[in-house]
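Should a chain be cited, it is by its letter among A, B, C and D, assigned in written order, with residues numbered from 1 in that chain.
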Amino acid sequence: MQTMRANIFCGVNDIRIEEVPRPRAGVGEAVIKITLTTICGTDLHILRGEYPVKPGLIIGHEPVGIISELGPGVTGYEIGDRVVVGAITPCGQCRGCLSGHLSQCGHGDGYDAIGGWRFGNTINGSQAEYLLVPYAQANLTKIPDGVSDSQVVLLADIASTGFSGAESGGVKIGDAVVVFAQGPIGLCATAGARLMGAAFVIGIDGDDHRLEMSRQMGADIALDYRSQDVVAEVKRLTGGGADVAIEALGTQQTFESALRCLRPGGTLSSLGVYSGKLSVPDDAFAAGLGDHRIITTLCPGGKERMRRLIEIVRTGRVDLTPLLTHSFSLDNIGEAYDLFGSRSDRVLKVAIRP
Amino acid sequence: MQTMRANIFCGVNDIRIEEVPRPRAGVGEAVIKITLTTICGTDLHILRGEYPVKPGLIIGHEPVGIISELGPGVTGYEIGDRVVVGAITPCGQCRGCLSGHLSQCGHGDGYDAIGGWRFGNTINGSQAEYLLVPYAQANLTKIPDGVSDSQVVLLADIASTGFSGAESGGVKIGDAVVVFAQGPIGLCATAGARLMGAAFVIGIDGDDHRLEMSRQMGADIALDYRSQDVVAEVKRLTGGGADVAIEALGTQQTFESALRCLRPGGTLSSLGVYSGKLSVPDDAFAAGLGDHRIITTLCPGGKERMRRLIEIVRTGRVDLTPLLTHSFSLDNIGEAYDLFGSRSDRVLKVAIRP
Amino acid sequence: MQTMRANIFCGVNDIRIEEVPRPRAGVGEAVIKITLTTICGTDLHILRGEYPVKPGLIIGHEPVGIISELGPGVTGYEIGDRVVVGAITPCGQCRGCLSGHLSQCGHGDGYDAIGGWRFGNTINGSQAEYLLVPYAQANLTKIPDGVSDSQVVLLADIASTGFSGAESGGVKIGDAVVVFAQGPIGLCATAGARLMGAAFVIGIDGDDHRLEMSRQMGADIALDYRSQDVVAEVKRLTGGGADVAIEALGTQQTFESALRCLRPGGTLSSLGVYSGKLSVPDDAFAAGLGDHRIITTLCPGGKERMRRLIEIVRTGRVDLTPLLTHSFSLDNIGEAYDLFGSRSDRVLKVAIRP
Amino acid sequence: MQTMRANIFCGVNDIRIEEVPRPRAGVGEAVIKITLTTICGTDLHILRGEYPVKPGLIIGHEPVGIISELGPGVTGYEIGDRVVVGAITPCGQCRGCLSGHLSQCGHGDGYDAIGGWRFGNTINGSQAEYLLVPYAQANLTKIPDGVSDSQVVLLADIASTGFSGAESGGVKIGDAVVVFAQGPIGLCATAGARLMGAAFVIGIDGDDHRLEMSRQMGADIALDYRSQDVVAEVKRLTGGGADVAIEALGTQQTFESALRCLRPGGTLSSLGVYSGKLSVPDDAFAAGLGDHRIITTLCPGGKERMRRLIEIVRTGRVDLTPLLTHSFSLDNIGEAYDLFGSRSDRVLKVAIRP
C-alpha cells in the first residue's frame, strides 16, 4: 500500500505529521496530489478542542492540487489537471443540493445540517500529500493557465465565505455596508461588499494592521472599536444606519453591534460560528417590528462557485495574495499553527506546501 | 367646533369614551366617518401599560368607514366613498417608502423604525366616530359593491400581518409550514401559507377552540403543545424540519421552538412583538452555519396592499368573517375590551360599531 | 439478452411497438419497470416530424414504475421501490445544475440548451416496459403509500411545467392572472396560479370542454376567444391589465395576446414551444419602456421537484386525475396517439399501461 | 407675471428659445432654478418627430438646480437647497408606485405605462431657467457639499438607466456580461455591470472612440461589430454564452444579437426604445425552452434612487464627468442639438447651463 504524510488530529492540542495510507478513488471520486493548502480559523478551533472531530482525522479544507486518480463515473477530467476544490463538497443530487442549499448537502438523500462541509470535519482533509475528493464531478474545478495556485487557494473557503456575506446580505448599488471583524473572512466580506456595488463600506476591528488591510481590501473607512463607540459612529456616517451589516467573527458583541447598526429594514448577514446562547435585545431589532432580516450562511461550494470566483481573480477584480502572508512546508505545519494561532507577525493566512 | 365620541387612553387600565373635537382634513389628508373597527391585541398591551402611548390618545388602528372630508391635494375620491384604511399608513414619498419598506415610513424624509404605524400609536386612532387619515392619497382604498364592511375590517391589520408571515417566509409550492400560535394573526398566517401553495401546514396552539379554528383556516393538522413535544412532532411529520416556521405570538418559547422546527436552510418568519431579550441557542440554528434566515415583518399597509387583500376576500379565497365572533357599540367598548382580554366565550375578534 | 416491448419512432407518422433489448444500469443509473406512462403533445410533434428525433428512438417522457435494477453508486433505494421520474433528468453536477438551471443540464460539464430533457429526445423514453434512468441518484422519487400511480404520472411533465408558469411569473397574493390555452399544461398553469395565491384567474380557450375544465381547475372565469376580444375583456376585468399572463400553447397569437393583456410592469410567463419567428409589436410592450418581463421556462425536474409535487397531490391541494380521461395498453398505443391527436371524445391525457 | 427663457418644441425639427411664464408651485410641488441640464437621445427623437410630444412643450428631463419655491405640503427642504431631480418623477402614492413600479406611475391612482416620465414629455421640462417639479416630496434630492453639479447631472437619466440594465439583469459576482452599444447609456450599463461584480464585461460598438470609452468605463474587452462576428466572439470568450446581455440602443440587430449571446438560462436586459416590430427567431431563444428572461426597464427615479446614485459618485465608485464632453449656454442650445445629433467631435453628453 502506498503511503503519504498528513497532518493528523490526535487529540486536543495534539496534531502530528504522520505517515498514513494514501487514498484511492472509488465510484464518483477522485484523488488529488495537494500542491497548496492553508490553515483556517476553524482548524484552530479543532486543535483547541472547541469544535469536536474524531481523533485520527486529517484536518484542513482548502485544497489546490493535481488530479492523480479518477474513479468510475467521473468524466471530462484528465490525470494531471490542476484543480481547486471548495471547502464545501456538495453531491448535487440530494434534496438539499437540488433545492439550492448546497452547503446543507444530504449526501444523495435529504438535507443534513452543515452536511456540505466534510473535509477535515467528517472525512479526511487537505493538510496532506493526497486528498480523496467525494462527488468529484461536482467539485473539481480546473484552474486556467495564467492563474497561480496562490491566487486561488483562498477561494476554497475564506473568499467564498466572505463574498457570501455580501451576497446573502443582498448588497445593492448604493448601499452602506458595515463589516464587523477584519480577519481573513471579514476582509473578504469587505471586498465582497465593494464588489457588489456598495457605495460606502465600513470595516470594524481592533487591530491596527487589520484596519489598514481593511482599507486596502476596499473599506472607505476603518473604525477601531478600542477607541470609539462604533455603533454610534456607523449610524452617524450612514445617516441612520447601514443597509447591510456583516458579522464575521461569531461573538455576542459583534452580532449585537451589527444588529444595532442596521437601519429599519436592514439585513444582518452572519458568517461567524457561534457557541452558547446568542442574545437579541428587543431594542436592537425594534421588538421584532423593524422588518429586519438575519441571514446565516455557510461557505458556498461546488465547482461552479469555484469557477466564478476564479474568474474574479483572473480578471483582477480582487487580489487575495496579500492575505497569504507566510509560507511553510507540510512538515513544519506545527510552527504554522503556532504563528497563525498567536496572530503575531501580522499573519493573516499561511501557505502550506506538501 | 363639531365634536365626536371616541375611546381615549387616559392611563394604565383606564380607557374612557369621551366627547372630543372632530378632526378636520389638512393638505393631503382625509377624514372618514367610522362604520366598523375592532380591537387588536396591541390595544390590550396599550391598555395594560405594556406598550406606552401618550395619555389622551384615541386608540385603535383598523378602520372601515365613509369619506366625510378630503383635504387639498387628494384626488380621485368622493365624499361618501366607502373605504378601508390599513393599520399602517405610509407616506409613499420618504426614503423608507421609496425603498419598498412602507412600514418603516419616515414621513416624507428618511426611515423611521415602525414609523408606518401611526393610528392609535402616535396619532389618533379608529375607535371613534371620525378618523383623520394622513397621506390619504396613499391610504384610502375603496371597497367594491358586494363586499361588506365585515369582510374587509380584518384586512387592515391581522390578515395583512398574518399573510405577510407566509410572504416574508417565501413560502413556495410544496413547502411544509408550521405556524406557532393560532390567535387571530396566527390563523391568518395559516390561511396565508395555504394561499401561497404550502403542501402541508401545521398549526400549533394550546387552546381547543383555536386548534379547531386552525384546521378551519387551512391547517392540515393542528398540534396541541400541552399534550406533546411539538418540535419533535413537526420534525417527524415533515421528514426533517419545516421549510418555513411562522412565529405569531412574541415569546421566547414560540420563537425558539419555531427555530428548532426548521430544516437546514429554512426560514423563520417572525410576526410577534418581543419584549426583553430573545435568546438564540447555538444548537437551535446550527451555530450560525445552517443557512437559516430569520425575517421580521411589520404589517404591510398602503392602498395597493388593501386593494389586493380585498380581491382575496371578494373572490372567496379566504373568508375572515368567522373570526369576527362578537359585536359591540362604541359606547360599550369597555365590555368589548374585557371580553377580548379575557379570551373567554371563544372570542377571536370583536366588531366595534360607532 | 432480455427483451421488452417498446414504442419506437421509426420515421414521420410511423411509430411501432417492437421487441427491443431491455436496458441495463451502468454507474449511477437505474432501470425501472414502467407501470404507467402517458403521451405528451411533444410526442405528437415528434410523430408528425415537427420536432426531430433520431429514428429508432423509444419515445415518451412521463414515467411511473418499479425499480428493477440499480447501478453502482446509487444509494438509498431498493429494488421494488415504486417511483416517479421527472421528464427532465438533471445530473446535479454540471455548471447548469449547480447554478440552479436544472433543465439546462450540461451532463456533468457546462450548460446545454434544453439539455435536461433527454427521455424520448436524446435517449430512450418511457413508452416501453423498461426505462433506463440516467443520474438516478438525482431523479428517482419514491411514491408514498396511499398515493396512486394515476395521481402522480402527470407530475412528471405537465403539472411541473404548468405550475412553473405561475412560479416563473412570480404570482403573488392578490394577483390577477390570465392563462392562454387550456390544454393539459394550461389547465395546470391555471391550477398553479390559484395555488400561489392569485386572487383572480382567467382561463382562455376556444373549446367548450376545456373552458369548463378551466373553471374546474381553478379559473374564476373562462373566456372563449371565438366569441369575444379577450385582450379587451381581460383589461376590463382586471382594471387595466393582468399582473401575470401565462402562455401555454406556443403560437404568435397567444404570445402576442398575452403580452397585450399585461399591466405596466407585468410578467409574461411563457411555456409554449415556438417555431419560426415570434413578432413583438412595439405597442404591445410600451416600446421597451413598460418594465415588462418575458420569462421562458422548461419543465423543472429532479427528485426534489417531484417530491414537492407529490406532496401537493398527497394533501389534496390539486387533483390531476380528472385530466387522465382515457386508458390504453402499451400495445394499443397507436390508437391512443390517434385519439390524443384528434382531440376528440373530450380527451385531455391518456394513461398508457405496459 | 414673471417670465423665463426656455427651449420650446414648436414642431418637427423646430425648437426655439422663447420667453415664457415662469412656473409657480402648487400643492405638493416645487420650482427649481436650473443650474445645469443636458440633452438626451430621446430629445433628439422628439426634435425629429420620432417621438410625439405636444408643440409648445419645454423639453429636457435631466435637471440640477436650486430650490426657488416650495408649495404647500412639501416639508424638510429650504429655498436655496441645491438639488437633483430624476428624469422619472413618481408620485409614490399610486398603485404603480406602491407596488414598486415607480416608472409606471399612475399619478395618485392606478398604473400608467411610462407614466413616471413626465418632464419634457407630458409636462414642461428642464431646458429652461426654471422647472416645476411635481410630487416634490418624492423627487427633490439634496446634493451634499463637495459634490458638484457636473458629477450628478447624468444621474438623472443615463446613469440611472444604464445601471438599471445591470440591476434588472440580476448581475451576480462572477458573471460574464455583454453590453450592446456604447453610447452614454451603454457606457453606464458597462460601468453598472462592473459595479455589481461581473467578472468579465464585454462592450460592443462600431465607433472607435466609444470602444475606447467602453474600456475606460469598465469593459475588460471592447468588440467592434464592423470587423468581426460579435456573437460568435462573445460565445467564445465566455465559454458558451454570457450570463447577462444588456441592450442599450433599441434596434432589431442589437436585440437579436444580445439574445443570441446568452447562455441557456441567461437574461437579456433591455434598455432601448423600440419602434415597429421586434422579431424573435426561435433558434435565438431555444424555441422558448431555454429558461431565458427578457426584462425591459425604464429609468428608475425618485429621490431615494438619486440619493443612492449620488453616494456612488461621492465615494468615487464611478466618475461620470468624462461623459460630459461639451458645454453650452441655454441660449446656444440649438448648436448643442446639432453637435449632439451629428455625433461629431467625440461628443457624448453636452452640459447646458441657463
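Throughout what follows, contacts are C-beta pairs under 8 Å (C-beta built on N, C-alpha and C of every residue); 3 or more make two chains touch, one makes a residue touch a chain.
Keep in mind the model is a prediction, meaning the values are calculated, not measured.
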- Query: Counting C-beta pairs in contact, which comes out ahead: B-C or C-D?
  - Reply: C-D
- Cα centroid separation between subunit B and subunit C, in whole Å? 39
- Task: Would you pick out the residues of subunit A that each touch at least 2 other chains?
- Result: 99, 307
- Graph class of chain-chain contacts, one of line, ring, star, complete, other: complete
- Along subunit A, where are the residues that touch subunit C in the complex? 27-28, 72-73, 75-76, 90-93, 95, 97-100, 102, 108-109, 135, 137-138, 302-305, 307
- So, in the complex, the side of subunit D touching subunit C is made of residues 96, 99, 101, 103-104, 110-115, 117, 239-241, 250, 263-265, 270-282, 285-298
- Query: So in the complex, which bits of subunit D are touching subunit A?
  - Reply: 163, 166-167, 172-176, 192, 195-197, 199-200, 220, 307-309, 311-312, 314-315, 317
